[in-house]
Structures are given as C-alpha cells and as structure tokens.
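Take a look at the following structure, please.
Which chain is which? They are A, B, C, D and E, in the order written, and residues in each are numbered from 1.
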Amino acid sequence: MRGLLGLAGLLVIVEALPRSGLVDDGYLPPTSRIVAALGDEVVTAEFWQAVADTLTAWVIGLAVAVAAGVVVGVAIGAVPVLRAATSSTIEFLRPIPSVALIPLAVLLYGTDLGSTLLLVVYAAFWQVLVQVLYGVADVDPIADETARSFRFGAWARIRHVLWPTALPYVFTGVRLAASVALVLAVTAELVIGAPGLGKMIAVAQTSGAVPDMYALIAVTGLLGVAINLAARAFERRTLAWHQSVRGEVPA
Amino acid sequence: MRKVAYVLGLPVVLFAAWYLISAGSESFYAPPLRDILASFGRTWTLDRLQADVLPSLLRLTAGFLLAAVIGVALGVAIGLGPRLRATVEPVLEFFRAIPPPVLVPVIMLFAGIGNGMKIIVIVFGCVWPVLLNTVEGVRAVDSVQLDTARAYGINGFDRIRRVVLPSASPQIAAGLRQALSIAIILMVISEMFAASNGLGFTIVQFQRSFAIPEMWSGIILLGLLGFGLSLLFRLAEGRALRWYHGLRAASKGR
Amino acid sequence: SGGETESDGIDKVKVGVIPIIDVAPIYLGQQKGFFSNRKIEVSMEAGQGGAAIVPGVVSGQFQFGFSNMTSLLIAQTKNVPIKTVAAGVASTGEQGKDFGGVVVKADSPIKTAADLAGKKVAVNTLKNIGDTTVRESVRKAGGDPKGIQFVEMPFPNMPAGLQEGQVDAAWAVEPQLTQIKAAGGRLVASNFVDAAPGLTVAAYFTSTKLAGENADLVKRFTEAINESLAYADSHPDEVRAIIGSYTKIDEKTRADVTLPKWPTEINQASVETLAKLGTGDGIFDGATPDVAKLMP
Amino acid sequence: MLSVSGLRKVYQPHVEALRDLTFTVERGELVCLVGPSGCGKTTLLRCIAGLLEPTGGKVSLDGREVSGPPPGLAMVFQEYGRSLFPWMTVRDNVELPLKQKRLPRTRRSALVEESLTAVGLAGSESAYPWQLSGGMQQRVAIARAVAYEPSTLLMDEPFAAVDAQTRADLEDLVRSLWQRLGVTVLFITHDIDEAVYLGQRVLMLSSSPTVVQDEITVDLPAERDQLHTRADPRFTELRTHVYEQIQAAKLSTRTG
Amino acid sequence: MLSVSGLRKVYQPHVEALRDLTFTVERGELVCLVGPSGCGKTTLLRCIAGLLEPTGGKVSLDGREVSGPPPGLAMVFQEYGRSLFPWMTVRDNVELPLKQKRLPRTRRSALVEESLTAVGLAGSESAYPWQLSGGMQQRVAIARAVAYEPSTLLMDEPFAAVDAQTRADLEDLVRSLWQRLGVTVLFITHDIDEAVYLGQRVLMLSSSPTVVQDEITVDLPAERDQLHTRADPRFTELRTHVYEQIQAAKLSTRTG
C-alpha cells in the first residue's frame, strides 16, 4: 500500500519536472505523455510479444543461473579445498562484463534466444554464487556442531543446517540476480537486436520517439517491481523463522 | 607455498586448456591464445596504462566508494524503518530493473558526457548489492543484541555505529564484494558510450576496429584487474571482520 | 552454407541491419517481392551496429549485413573475411541538402566549418566515418582540423547535447538532423558532400566463405538489393511510408527528413578517397586498406 | 519506585504470557522473583525495561510511565551469550555503555577494571566473548551491568552458568553493590536459596496464565554472609515456604 | 568404555584450556563432572564428542580412538539456544536426528511425543524455539538428546536455565533413562548437590591449567529420590567433601 505512495511520488515528480521547465520536455516528457505513449503501445500485439520474449529469456536465464549458482556455491562453500582452489578463478571471471562477450554470443548463437541467455546467465550466475558463498560461511558453529554430534551426513548437514542458514543470503542473491537478468535480457536485445523489449527501446531511441522510449523503460522498471513483489511474498512465507521476518521489533 | 598453488592452480590449468584448444583456431573472433598473449604485451604499454587504465580506475574508485557510502547509509535507514522500506522499495526496485545501457543516454541528458556521468552510471549500477545486503543485514541483527543496546541507552547514531553496522558487516561485505565486480562492469559500459579514453573505451574501440586479439587481451586485463581488486578487498575485509572469521573458526577446532 | 534452403528451393536469409532510414530499400524490396521473386526469403535482424552485425556475418549467423564504408575498410585492414555485395546508401551530393551534416546551435559563434577548429564536436563513434569526413570539411573550408576535439555521443543524444552545451557542434544524421534544425539548429557543413562526390556511405556485405560457397545466392541477393535500391531511389513517398513500419519516427518528421541517395553501384573512387582520408587520420593503425579486395 | 499494575502481555498470535501482574518495588529495594520455567519472568523484565510493549496495564518507574528503556537502567539478559557483542573485546563490551554515559576516559577504565576484577575476569580484558567459557561470558555481562552503576538493575538468571563458589561470590557482590549504591534491584532466579539469601522480598509467580501467586518478606538481618545466613533456621523456614508455594503453583497447572 | 588419557588442549594462540586429563568412565556408568567456571569442562566434552581435535593425548570410546563424532552419541550443549535450529519447530528439532537414524515414522513420533512430555513440553510441539522461554529451549535440547536413545550421553549444564522443581523432575528423568537404557552418561553441572544426587562418581577438575583434582565414588543406594536421598547424612557428607575440594581448587589458583 505504502509502496504505491512511493511510486505515485515518482510519477508526480516526473510530471512536474518538465512542466516546470527545469528540464526540456523534449528529453524528459511529463508522466502524462509517457502514459499516453504507453497506452498506444499496450494495445499492439507486437508489444505483448516483446514482453513475452523478454520474460522468456529472463525466466530461463534466471532459472539456469540460480540453479547453477546455488549448486556450485554450496559445493564450493561446503568443501574448503574447492573454495581455495576456485576463488582466484572466480574473482578473475566475475568482473568480465557480459557486454564484452557480445561478439562471442553473436558468434555462437546469432540473434537467437541463446545469445541473450548466454549473457543473462553469465551475469546473473555470479550474483547468486557470491551470496551463497557468504551465506554458507555464516553457519552458526554451535548449530553445525549439533548436527555433527548427531552424526548427520554431509548431505543432511547441507540440507538441514547449511541451507536454512544460507537461505536469506540466497534470497538476496536471487533478488539481485533477478534484476541483473532482466537488465541483461533487455541490454542484449538492445545491442544485439534479439526480439524483445530491448529491441523496441533501441528502435524508439534511434527514431527519436522519446515518450515511447520512456514508456518502454517504465515497463521494464515495472516488471522489476512485480518481480520483487513476488520474491518478497515468497520470502515471507519461507523465512518466517528468520530474525528479519519474525516481526518488527515492538515498542 | 600451498596457498600460491591454490591461487594459481586452476587458472593455470584453464589457461593451458584454452591455449591448447585454441592453438589451431581459424575463427576470426576466437583467435589462438598465443596471438592474444602476444598482443597483450604490445597493447598494454605503460603509456596505454596511464592514458586509459588510470582514468578508468579513478572513475571506478570514485563510483565504488560513493555507491558504498550511499548503499550503506540508505540501507541502514531502510533496514531500520519498516515504514520507509514499504514506501521506497518499489521505487528502488523500479530503478534497479532499468538496464544501465538504456539509462546512460538518459543520465547523459542530465549529467553531460564527462566523468560525472560515468561515475553516476557506476554508482547507479553497483549501489544495489550494497543496498540490498545492508537492508537484509540490518534486519537480521540479533534481537538480544539490539535489546542490550537499547537497555543501556545506546541510541541513535551510536546504536547504528556500534551495534547495527558491525552486526550486519558480514553481509555488507558480501554486498560490497558484489558491487566491486559490478562497478568494473559498469565502468566498461559507461565508457562504451560517449567516452574518449578508458579501459572500456579501448576494448570497444578494438572491437569496432576488428582488432580481436587486442580486444581479448583487454578482457583478460579486466579479469586481472578484477582479481587484483578483489585481493585488495579480501585483505581489507579480513582486517575489518577479524572477529567474525575468528568466531567462525573458533569452534571448528582450529 | 547459405541459410536454410527449403525443399522448394527458397533460401532463408538473415540480414543484419541497423533500424535507420538508410536501410529502407531492403524493407521496401521485401514488401515489393523483389527477394521472393528470386527465391529468397529475407528477414531483418536489427542490431545496434557493427559490434553485433559483423561477427554475425562472419560466423554465418547472418548471411548478409549492412555497415558503413569506413568500418568495412577497417575490417579489410584486419583481414576480416568479408566482402561487399552491393551499395548501401550514398550521399545526395548537394551542399546543405544531405542526410547527414554538422550542426550547431542557432546562436553559436561557429559560422563555417573552418570555425570548428579547436571546438568540441560530437560524433556517434570515434575513429570512424564521422570524424574523418568532418575533418575533410574543415580542411576544405580552410581550417585546421588538428585541434578539433571529437567526443562520442549516440545520435539520439545529440539534440539534447547540443542544446545543453555539452558540445559545440554535432555531426548528426536523419532523423536527428531534422529534429535539430527544427529546434533552431544551424547546418555548418555537409561533410559527406565535402569528402567526395557521390560518396558511398555504406554497403551490404557478406562473408568471403559464403561468397565462395554459394555464389548463386549472393548473385540473386545482389540483384534483389539493386532492384530495391533503384526502386527506393525513384519512389521517395513509398520510402517515407515504409520507414514507419520498422522505426518509430513520427509521421511529420518522416515527411520532413532529407532522404539519401540509393545508387546501385558502389562509387569506388569515393571509397578510395575515404580510405585515403582514414589513412591520413590514422584510423587504420598504420595499415592501408586494399579497396579492390573489398569490392564485389 | 517501580510499580507494575495490571500488566498483561499476549504474544502473537495468542500466547498469553502474563495475565495480570501488580506489584511495586520501592526505590533501593532488592526484590527476587521466582516462578516456574516459561511462566513469563523474562517477559516481565522486558516490559519493565521498556523493551517490550505490554498488551495491557502499565509499568512506571519513579512515577513516569515506561515507554522505552529508562535512563540509568542496566539489565543482565538471560541469553548472556547473545547479549555480548562478538565484534568487541571483553573490555570494549563493558566500556561501551560507559561511553554512552559520556564518562571521562580514566573513570571508564577504572570502572571496567574494577568490575572485571570483581567478577574474577581480570586478565581476560582483551579476549573476545567467543573465546570465553559460558560462565565467563555470563560474568562479562554482569560486569557490564555493574560497571554502569545503574540506579535500577534488572537481572535475569544472571548466575545460571557459573559454578557454586563463583556464584556465592557474585551474590555477595550484588548485595554489596546494592548496599553501596542504593540501587533498585529486581533479580530473577531459579535457585530458591539464592532468592531468599539475596532478597529483601521474594515474589512468586504462578505458572501461566501468570499472576503474582505469593510474596514473602525476608526478615533476615541486613548483614548476610554465606556461612551464617544459610545456617540460620529462619532461612530454612523461608526457603521451605517458597519451595512449597512454587510446588503448589506447578501442581495447580498440572492438574488444572 | 570411555577413556581419556593425557588429554591436552591449547586454543590458538596460547590458552591452555586442558593440561593433562586422565580418567575412564565404564560402560553404563553415570559420572558427574564439576569444576570452576572456565576450567575447561566444555572443552573436554567437545573433545570427547570428537568435535574438537585435542592438542595432545587421546580419547577412546569402546576401544576405538575418537576422531569424529562416534555413533550413538548425543550431546546437550551449554549454548542450548544456539544449538536449536531456529528454522524448525520444536517437533522437527527433536525429530531430525531420529530421521538421520532412519527410524520409521511411527516410532519417531512416539519417541518425540514421549520425550517432549517427559520434559514437560507437551503442547509446544509446533512452536519455534525462539518463541520459547530460555528454560523451555533448554528442555527441547534435552528432549532431543533423550529421544535419540543414545548409548553415550554428554550433557553440559543441561539444567542451568530451569526452575528448581523442573530441575528435580529432569534429574529423575536422567536417572531413570540411564537405568532403563544402560546408557553411559557424562554430566557437567555447577550444582554440587545435583552432582552427588545424580552420579555414581563425581570427578572434580581443578581450575586451569586443568587436571583431575579429585574424584569420589557416591556410595548412596541406587534407588534415589529427591526427598530421602537429599536428607541422607551420607549425602551431606559427600556434598561437603566436594564443596571443599572445589573451594580448594579455587583457592589454589587465587593464591598461586
């Protein structure tokens, strides 16, 4: 409910800025004009096709990145030797921007979904991985000793101790990855020209159709908001036990 | 000795594999590693480093530090205030989902094309992991610790400084770590548009002028840069979080 | 290989293009059936520039691509295995009435190209066709191009960049050129015109591999493109209409923009000139492009 | 004066930890609180400290209603391990509240040293809490409260993890501190002997839903010592009385 | 049979928690361990459970050297709060080790219910640990160990947070469990009466550097009950002996 208030505030500011003449409305059109442009877009099948394309790339890419990030993260985090052996490689690969891999992606997949996926997965994977690694390191030693004293096997310790501890970190990782994946999906479309919202933004941009461009950017942002809402709701249900969700400190 | 082996082992293996597999490569865009390495020395001369890598690093540092300060400050405020969180979270999520390449032109409208724009782009992209992790870390502060602080009248800024931040610091460190590599990525992206120097600019320029081995050498340099920075980061973290790592190691019998 | 060949002998062909006015003929040709006549089913893949299109063509993901001439020359010096197959777009050759030019704000002290010396000029990419041709304009106007400070700025940002004084001048193309002029901007040079008469600005190209393996497909594609170019050149109204189908340029702007020329031949002399200009400006890293090798 | 009236606390969604508590503690009084496990003692202490909002009734300290932690209050938490800050050394943990009080540096170090010595931890100043044994951690928490020189001291089973001898020493420490500073002390314990030995009064809580089941005044001489006081027949009488009351409290819930 | 010989443990960088400990516990014996706070009892228990690598000496259980947690061992940790998993309900916490033992479902629920009832927590099965009072949490940890039906049971001050009456009940629970299952029990406590009441033997540790200071065999009848055993003159004699020994241990460090 309050969140709507925040968004409404943003809308008002964007309406007021160009109207007051603080910025040229040719470059930042007021909310009303952006909304009008959005209205023109949402009735076209092309628009929904683009949204669907972007979301498909996002969902698949995110799913792959999260699954891989969690599995690799837990494996590396739980086995100290692996961690020591891989950390330098991880640190080396992580800062390589997905965008620098565009030629490689195009080389391999052209403008197909594969291209977008490669970039999305590459970028989102590290977000999850790093969070999982920190989460795994956060296991309470006493809780772990308890499990060991009852002779929990490796798998049971991962499942019952390590995983619940890492879960809040994983959630943060997934939320970070979700938006990074969206960002990369749109960027890939934007630069490579794979079908989707990004391509529409690129077209609007080169054509100087400013309100359209902002309308499409807004759609991307709104997708982000929706994704976060879903993530929060899911988190509230799964992390009911966690300190951060137990209820805000009273008094 | 052993540490060095761990650090270098896997990279050496991977590079060797790359070297062998690519040795006979005919592909224009995936040249043999031999050529890439050969061009590395030629390309990244001292002049180049000074002219392109140094400005990049300065922008990176400025952007990262700014993002760290903003992320932590905002994160603490949001993490402590459930009402504030409910109000601003959607707006933040909205901006978080907007791709920086789309945003660069928009930011350019307001911030021009100088270093300011590039730093803003870096901040805009890498503030999120810091912010999110700070929020979560702050929310997860042990309730008994908080009660202790409250009972002893440790309030306001002191509570944040002495209890909330230290307690959340492991998670904040995770966020900063993420932010660092994102900052590098955004440094490159910001320099892809409207720049005339910088590491990102150089790489893009190589790509545009079909100097592919040079482009790959630039990507390797990025990796090395990231590795070096993360090493520095780990040193700093090891210092700041000594208590935490000690606590973790304590009952493992080590 | 040459795309997928269906059982009925129709070749599916992907062409990497930038969604701007310059490539209107291929869309028009597609609509008019110039490609299907020749058993080619074209589809356009819109990329944001050479970064995506050239690797796509080299790797065979696209069969053909569209790129500006200077980029192709650079590629040639690096032995990128590509070859042009047809002309893409050419300057109108009329001073003050070309589809690209250098513009300044109405109240700018810059009156002629010679005044650009020592100023900040926006181009979409550094070390490419924009800056070499602008330098030539300055030279021709009697100025010294050495002191020009070129900065990169995407075309869509130029109107704002100029307005806000982020740059002193901008080398813009349509539709931004019309937009800037409508906002009171003043044209100070037609750089394509200054560079060479009948300058071929861009061309369609393919990989040498495809050219060698499927000469027939390349031939049919070239014929289809040429027919499209010729048709476009003589039917400006249809061009203005088709632009609306793949861009978001509004109708009024579409009616106002200056359309380029679409000759069917690459003007080799102009390409030689471009090559010389580029060599002089050092954008080929000391190499000299071999124009003949690039030609169809 | 601390006064609790009609205090009620219901945890979400419907655990009624306290039903209706009313009692007062005079300024400078030392009152012990006993009651079965889970009856709501910790809840009560948290409400008094202003850490928990009561569902009903009110708490006031020196005439002012408690709505947040009142100044001059120190509390020793039952979860001693979690109430120490793991990122600070023992010295810093003890010193932190003193810094908040803006005491000068020399005064602070004197207080820290004095209190750590009093709990038998001189020499462990620069260790981190997690390098200490359970009992040592608990003593750090006690030292922190003692060094603070509070006007109201709330202690939640503060000696649960220390050995018998140390416990006796700490009991005497609390009594001497109380006598010296005139501090109001509310002391939760499970050890009935301890309650009788320490307190001027002992409040007995029933098991939940919790009310004040009974209360006795400990009419032993103010000068107490481990040997003689505990051997006093009146001491034995009192402790038997408390014991029976608690047993009654327990039984009442078991059967009812 | 549990045998500890020459056990030494030095924490990084140079805290010598245990100097040289040697003792044995027969199979099915119930031995209590007392010693001053911080003397190394918890450290000893961790070494026996195979959770901590000794610096010197060795621990063997039934003839096999302990290098990791041996099978059939259950431990109640001093930090009961942190040893419960906050993401699981009380029931799941107790049940989890049984699942690891691959007991059938019906057997598991029977054990869970039985043990929770034995510690007086029937009805709190579906609460989370952090919704419970300190004493209740500690009882969950005890229930978890009891339900496990271990062959060796290590308990580190397991009754520190519960009230006197519950404590007496739990003492009897441990004794009956021990008699019924023939489990070997090593029990750390600060309560000397408890040590004498529960154990067949009481081991007294010195303060650090820690060695076994003394040991007594509790020659009270095997059938014990709270009322009569504690009233037994022999009981008083034994507890006085232990008390004096511990005091001696303390004094020796204070002066030396």
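Keep this in mind: contacts are C-beta pairs under 8 Å (C-beta built on N, C-alpha and C of every residue); 3 or more make two chains touch, one makes a residue touch a chain.
Note that the structure is predicted; figures quoted are calculated from it, not measured.
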**Q.** Common touching chains of chain C and chain B
**A.** A
Q | Pair joined by more contacting C-beta pairs (A-B or B-D) | A | A-B
Q) Where the CA atoms of chain A average out and where those of chain C average out, how many Å apart are those spots? A) 36
(Q) With centres defined as the mean C-alpha position, give me the chain C-chain D separation in Å. (A) 83
Q. How many angstrom lie between the CA centroids of chain B and chain E, rounded to a whole number?
A. 49
Q. Which residue numbers or ranges of chain B touch two or more of the other chains?
A. 27, 29, 105, 109, 142, 207, 212, 247, 250-251
Q) Considering chain D alone, which of its residues make contact with at least two other chains? A) 50-51, 68, 79, 82, 131
Q) Listing for chain A: what residues touch at least two other chains? A) 27, 103, 107, 142, 145, 190-191, 205, 242-243, 246
Q: Please name which positions on chain C make contact with chain B in the complex.
A: 49-51, 54-55, 58-59, 71, 74-75, 78, 80-81, 125-128, 150-154, 156-157, 160-161, 164, 166-167, 283, 285
Q) Which residues of chain E touch chain A in their complex? A) 46, 49, 51, 68-69, 71, 73-75, 77, 79, 82-88, 96-97, 100, 128, 130, 148
(Q) Quick check: in the complex, which residue numbers of chain E touch chain D? (A) 11, 15, 34-42, 78-79, 81-82, 120, 131-136, 139, 157, 160-167, 190-192, 243, 246-247, 250
Q) Given the complex with chain C, which residues does chain B contribute to the contact? A) 27-29, 105, 108-109, 112-113, 193-196, 204-205, 207-212
Q | chain E-facing residues of chain A, complex | A | 140, 142-143, 145-146, 148-153, 156, 160-161, 164, 167, 241-243, 246
